[in-house]
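Two complexes are shown next, each including chain A; its partner changes from chain B in the first to chain C in the second.
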Partner chain A sequence: MKVPAWLRGRPVLAVGLSIIGSFCFVALFAPWLAPHPATDPFGENYQRPSATHLLGTNDAGSDNFSRLIWGSRTTLIVVVCATTMVLVIGLAVGLTAGLRGGFADRAAMRVVDVFLGLPILPLLIFIAALAGPSLTVSILMIGLFTWPQTARIVRSQTLTLRQRGFITSARGFGAGPLYVIRRHLVPSLGPIIAANLVFVAGLSVAIEAGLAFLGLGDPVAVSWGSDLNRALTNPQILIDLLWLRWLVPTGLALTLAVVGFTLVGVALEPQFNPRSNRAR
Partner chain B sequence: MSQTQIPAPASEAPETAEAVGTTEFLTEAAPSRRRRPPWVSLASYVVTVFALITFNFAIPRLMPGSPIDAMLAQGSDTYVQDDQARGALAEYYNLDQSIPEQYLHYLGGLVRGDLGTSIDTNIPVTEELGGRVGWSFLLMVTGMLVSIAIGLPAGIHSGWHRSKRADRNLLGLFLTLQNLPIYLVGAAAFTILVSKLGLFPLGNATTLNAGYTGFAYLLDVGRHLILPGILLGLDFATYEFLVMRSSMVSELGSDYLLAGRAKGLKQRRLKYRYAARNALLPVVTVIGLQFSVAITSIIFIERIFSYPGVGGYMLLAIGQRDYPAMQGAFLVLTVTVVTVNLLVDLVYRRLDPRTAA
Partner chain C sequence: MTTPIARRTLLKGMGGAAGAVLLSSCAGGTGRETTTPPGVRPTVRVVSWTLLGFPSPFTYTAGPGYWRMSLLFDTLLWPDSTGKQMPWLASSYKASDDGLVHTLDLRDVTWDDGRPVTARDVAFTYEYYTTKTFTPLLVGVPPKIASLRTTGDKTIEFRLERPNATFVQKVLGTMPIVPEHVWSTIKDPMSAASDPRALIGTGPYKLVARDEAQDNESYEARDGYFLGTPFVKRIEMLPPANDDPLATMKAGGLDAAAGPPDGATNAVLGPFRDDPEYGTITTDASFSFPLYFNLNKGGALADLRFRRACLHAIDREDIVRRLLTGNGQVGSAGWLAPANPFHEPKVREYPFDRTEAERLLDEGGYRRSSSGGPRTKPDGSPLRYVLHISDSIPLPLAEIVNASLKAVGIDVDLQRIDLVRLFGLKLSANYDMLITLYPGPAGAGPTGDPEILRSVYHSKPPTPLSSATGYNNPEVDRLIDAQVATLDLEERKRQVSQIQKLVAEDLPVATLYYTNAFYAFRKKVFNPWYFTPGGFGPGIVEPYNKQVYITGQKTGTQVRKA
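Take a look at the complex of A and B:
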């Protein structure tokens, strides 16, 4: 197979993309890949691995391997919805602040500062606990609390781009703000936003699983986080290597998904984000 | 404000970028805090704290169903059927008043340090929290110390030997560590090291009912602290490592190092006394800013190890649907984080003469 030019010599990106790719594949084709439904009990609980149940069964007698596969679907839903939300809010706030300037800019950046200083997890726990755990709440919360970073990056890039000649000349030729955004800003911003969103995606995987781990995930959804919680709070977990076929695979799946997104983010960042060296 | 500056072109971003990029949400905050006058930070702080308090007051009231309903719901421990008793309870919690009145009442209580009474234990929440803040603090400080002991030397070493094998190994190790969710590492460590192998005590901060005193008590506390402390330390160390490393790398080409080398100074001295010392400043900020992220890890660790801190208390309260306890713990956690952020901001001004107003 021929390696495409943009991927050559970039093993980190390649590995990351293949992890995300297989993860999406599994999530999309879960009904065909999973040997059993995720929630139905299959006879005895705590079965040992066998040909029918590759990783045995859990406390309710469901197939561990199938739950692993179905869990990726929940994760993918969260990633897609939360990331879309972050993209929309971040882009709207960042572009408005960067293009309008003045009061709108200052106000938006103050809000961003406040959000960035907030401890996200206690807030998420608090809201999830009060609103009642559900996937929608998790998604909304992740989206609502992770956009400031994106907004800030969009804004600073917009400010730089605005100084460049092509936008001034486009405006000089009578282009409206929407045309400039669509034609000039979004294409130039795209790669940077993409790199940032990949991080957001990884973060949302970890947050969703974290909430579920604390028992604040959707009780109905098949989630890796809540499976971890269930396995860990189960007194049987240490008997008969149950942890090896229940806790470990779930943990590995979760880690792999997070690592996949981070690898892609790490690979994209230095290339696209000129502000990466801002720490100095 | 740093955002109004034109960022350096991409070609100037050295390979430190990959390291900094992943800690982006930490380092990002630093420059913007740097150049605004202290009163802006203070005003922003007051607004945030006020927002948190209001949020804490409003959210339970915005949710469908009244708190009283949730508290007295059928099947809960505190279920009450009698309407008169319900009315009396609503009055007790001031829920019969209008929202603005309730809000004033709530603020008045806060000023007096009154966070309400736990429904579960019937002990004032302030008292409950008072006994737990110390444990959380102990855990946090231990984690920080461990992380400084691990992260800084590793970062100095890695940065000094940039792009060499040692650097690549350390970078890989810490990036991996950073990607492992703390609850996963914690759960794994607990299952294997505590439950399976019995190397460390089974949760909690002390051996209950052991009646240890004096030195034996301290030893007992220490034994319970080791594993959670190390786990937190490893978690915090990743950020410190990455920032220390990139900060170190940025010192590498400095003239003073060249001069020192020409003078024949020992590598060791150049590395630790000269370069590391100059590279330390950004790390100080990160150690402070890390606090808001650290709170997250502490909540998980306290939960996994049943450590009697504030985070664990909040989760317990949630499990019991104990609203006053939950709100109190939430407020303490969030306001602490915001306050520490402000302090770091103010301390940073003093540390860095360029930002001293």
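Take a look at the complex of A and C:
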């Protein structure tokens, strides 16, 4: 198989993309890949691995392997929704601050400073506890609290770009702000935003799992985080190697997903972060 | 945020006041009477409950709070493993034939500060309890159902206007006697939450160490105790590692530990049942898991066919078999567990039957959509309700109930919240359907005195925490009021039986199942543990009856020699 030119000599990126690709494939085709429904609580519980149940069954009699597969879908939903929110908010705030400058810039950056100074995880836990456990709450909170970094990057790049000749020329020919954003800024910002969003995606996976682990996710959604919590708090987890077929696969899946996004982010960073290049 | 310590504290704390009446439910230890070496007075390490308040008679909370307090204070009567109330702080007790006059003489006992205990202290205590307002979590508050007269320093006479079947347990066997010379100067008893004077009592133990931050307490035996020097020299209360008392005991950190109140499987209990180092005791139906319907909301919730369909849709035998490996029982629609001597077996039953559930829903006009999805109500709106459950309730149970109701076309929005919020919803009647852990912060469990039916089914319950919201059946009210005033046991049983039959027909609340309590202990440290029939104090079904620490034996008041 021929390796694309842009991947040659970049094993970290290749491995990261492979993991993310596999993760997305499993999540998208979960209904066809999972041998059983993920939330069928009417089977025999704590079954050992067999041809029918590759990883046995959990405390409610649901198939562990199927839950592992369906869990990737919950994670993917959170990643896509939260990352989209971050993209929209980060772009809107960053572009407005960078293009308008003046009071709008100062106000936006102070808001960003406040958000960056907040202890995100304790705050998320606090709000999730107040709002009640649900997947929507998890997505909203991840999206609403992880956009500032993106906004700051977009703003700083916008400040640089707007001094460039082609932007000045476009404006001189009467181009409006929306045209400039659409035609010039977004294409120029694309790679660096993409690299940043990969990090955000990895962060979303970890935060969603963390909230679910603490019992702050949707109680009926199949989530790796809540399954980890469920396995760890099960009084039988150390009996009959239950941990090996329930806890370990779930933990590995979660770790792999986070590692996948992190590897891609690390691989992309030197290319799009000038500061990172200089450091080398 | 759900933390392990919060879960344990809430779950056990809220349920700790469970009661048990059944003599036969008091299973004895599996080992010999005691294997404590001769000449040694043991130190016993048990699970700590410092988070349940300062152990004064007015600031503890829930059942485990009461038992800690009972180490420092005494009541007039107190039960042993037979469940019979024995003269305790009283030297003698007699009741008139009509049950209206109860006369007690006090022993010659002194308070910790050396002053004598007098009849005036008893009168003061009863007045203090019945004239001040306390939190519902103070589970041992005696009801104001009697007037009191003292004769000399040692004789007390309680007079009741009407006979009361619960008077002996709820007043004489529950009310800790406090010194008048201390508490008469304290106007707000809740304000004395750290005052060492608040712990001046007559009890067999003294609090010698307490560290709330580390969640531990130590109690040392009082050598001059009026029954003799307590057999157990020291009781240390320690936090279990990783919120797992049984595993902590297995690792050597505790000498006795209980299984989880939400049930334990044979796989978890096996290592203790099979190991000769440990003794085990169990008792049936210490907790139940009722499904409440909010009748005040009307609609399907107030429709008997809908409620019956819900119960028919859930395979409760399968729940007991799979989730508890048989260490529990299917719930009775009459509330009282089979282990309760007042249990009526011939109440309407609701076995698992999806066809019957579907028939009832069809009959009620809840139509299936053509696509086979959730049903619709007669007005065309979806048959959809929010089901609140506590995060202390096993997730598999929530999943099974959710899937079972969906299978017959009832769309459920499952909301899993912490116990405190769940109790808040229950108190404010702001819910559709709700599964909780019974007993809550107060009251006796499903094997307790049938007076517990008042808190569930009476239209004027003492607290809405356990009550069937919106339920009002005048005949049930009348029978509940009648049974508590009936001293004839057989007649009372008939009345209680009738109540169970009526409420099983109406089904304003459906008990899904009961879990058995399980307790394991190191035999070589201390062996004669037991569950008190009827519970001790207000009905606490824990194996922490102080009688056993004091005497070192399961019965009587005679202290065993070390």
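As a working rule, the second predicted complex is superposed on the first by the 273 of 280 C-alpha atoms of A that agree within 3 Å, B and C clash if a C-alpha of one lies under 4 Å from a C-alpha of the other, contacts with A are read in each partner's own complex, and residues count from 1 in each chain.
Convention: contacts are C-beta pairs under 8 Å (C-beta built on N, C-alpha and C of every residue); 3 or more make two chains touch, one makes a residue touch a chain.
Computed from a predicted structure; not experimentally measured.
Visitor: Applying the document's definition of touch, where does A:190 land relative to chain B and chain C: first, second, both, or neither?
Guide: In the superposition, A:190 touches no partner, neither chain B nor chain C.
Visitor: What is the contact status of A:39 with respect to chain B (first) and chain C (second): first, second, both, or neither?
Guide: A:39 contacts chain C only, not chain B.
Visitor: Output check: A:129 vs chain B and chain C. Expected answer is one of first, second, both, neither. What do you get?
Guide: So A:129 meets both chain B and chain C here.
Visitor: Regarding the shared-chain residue A:176, is it in contact with chain B (first), chain C (second), both, or neither?
Guide: neither
Visitor: Regarding the shared-chain residue A:215, is it in contact with chain B (first), chain C (second), both, or neither?
Guide: Both partners.
Visitor: Thinking of the overlay built on chain A, is A:149 touched by chain B (first), by chain C (second), by both, or by neither?
Guide: The answer is first: A:149 touches chain B but not chain C.
Visitor: What part of chain A is shared between its chain B contacts and its chain C contacts?
Guide: On chain A, the overlap between the chain B and chain C contacts is residues 125-126, 129, 214-216.
Visitor: Inside the complex, what are the residues of chain A that reach chain C?
Guide: 39-42, 44-46, 58-62, 125-126, 129, 132-133, 214-216, 219-220, 230, 233, 235-236, 239-240
Visitor: Which residues of chain B touch chain A in their complex?
Guide: 1-4, 6-10, 12-18, 20-25, 27-32, 44, 47-48, 51-52, 56, 59-60, 63, 175-176, 178-181, 183-184, 187-188, 190-191, 195-196, 243, 246-247, 250, 282, 292, 295-296, 299-300, 303-304, 311, 314-315, 318-319, 326, 330, 333-334, 337-338, 341
Visitor: If you look only at chain C, which of its residues touch chain A in the complex?
Guide: Interface residues on chain C, with respect to chain A: 1-2, 4, 244, 246, 260, 264-265, 267-268, 315, 318, 322-323, 389, 391, 394-396, 398-400, 402-403, 414-417.
Visitor: Where on chain A is chain B touching in the complex?
Guide: Residues 109-110, 113-114, 116-123, 125-127, 129-131, 149, 152, 155-156, 159-160, 163, 199, 202, 206, 209-210, 213-216, 228, 232, 237-238, 243, 247, 251, 254-255, 258-259, 262, 265-266, 269-280 of chain A touch chain B in their complex.
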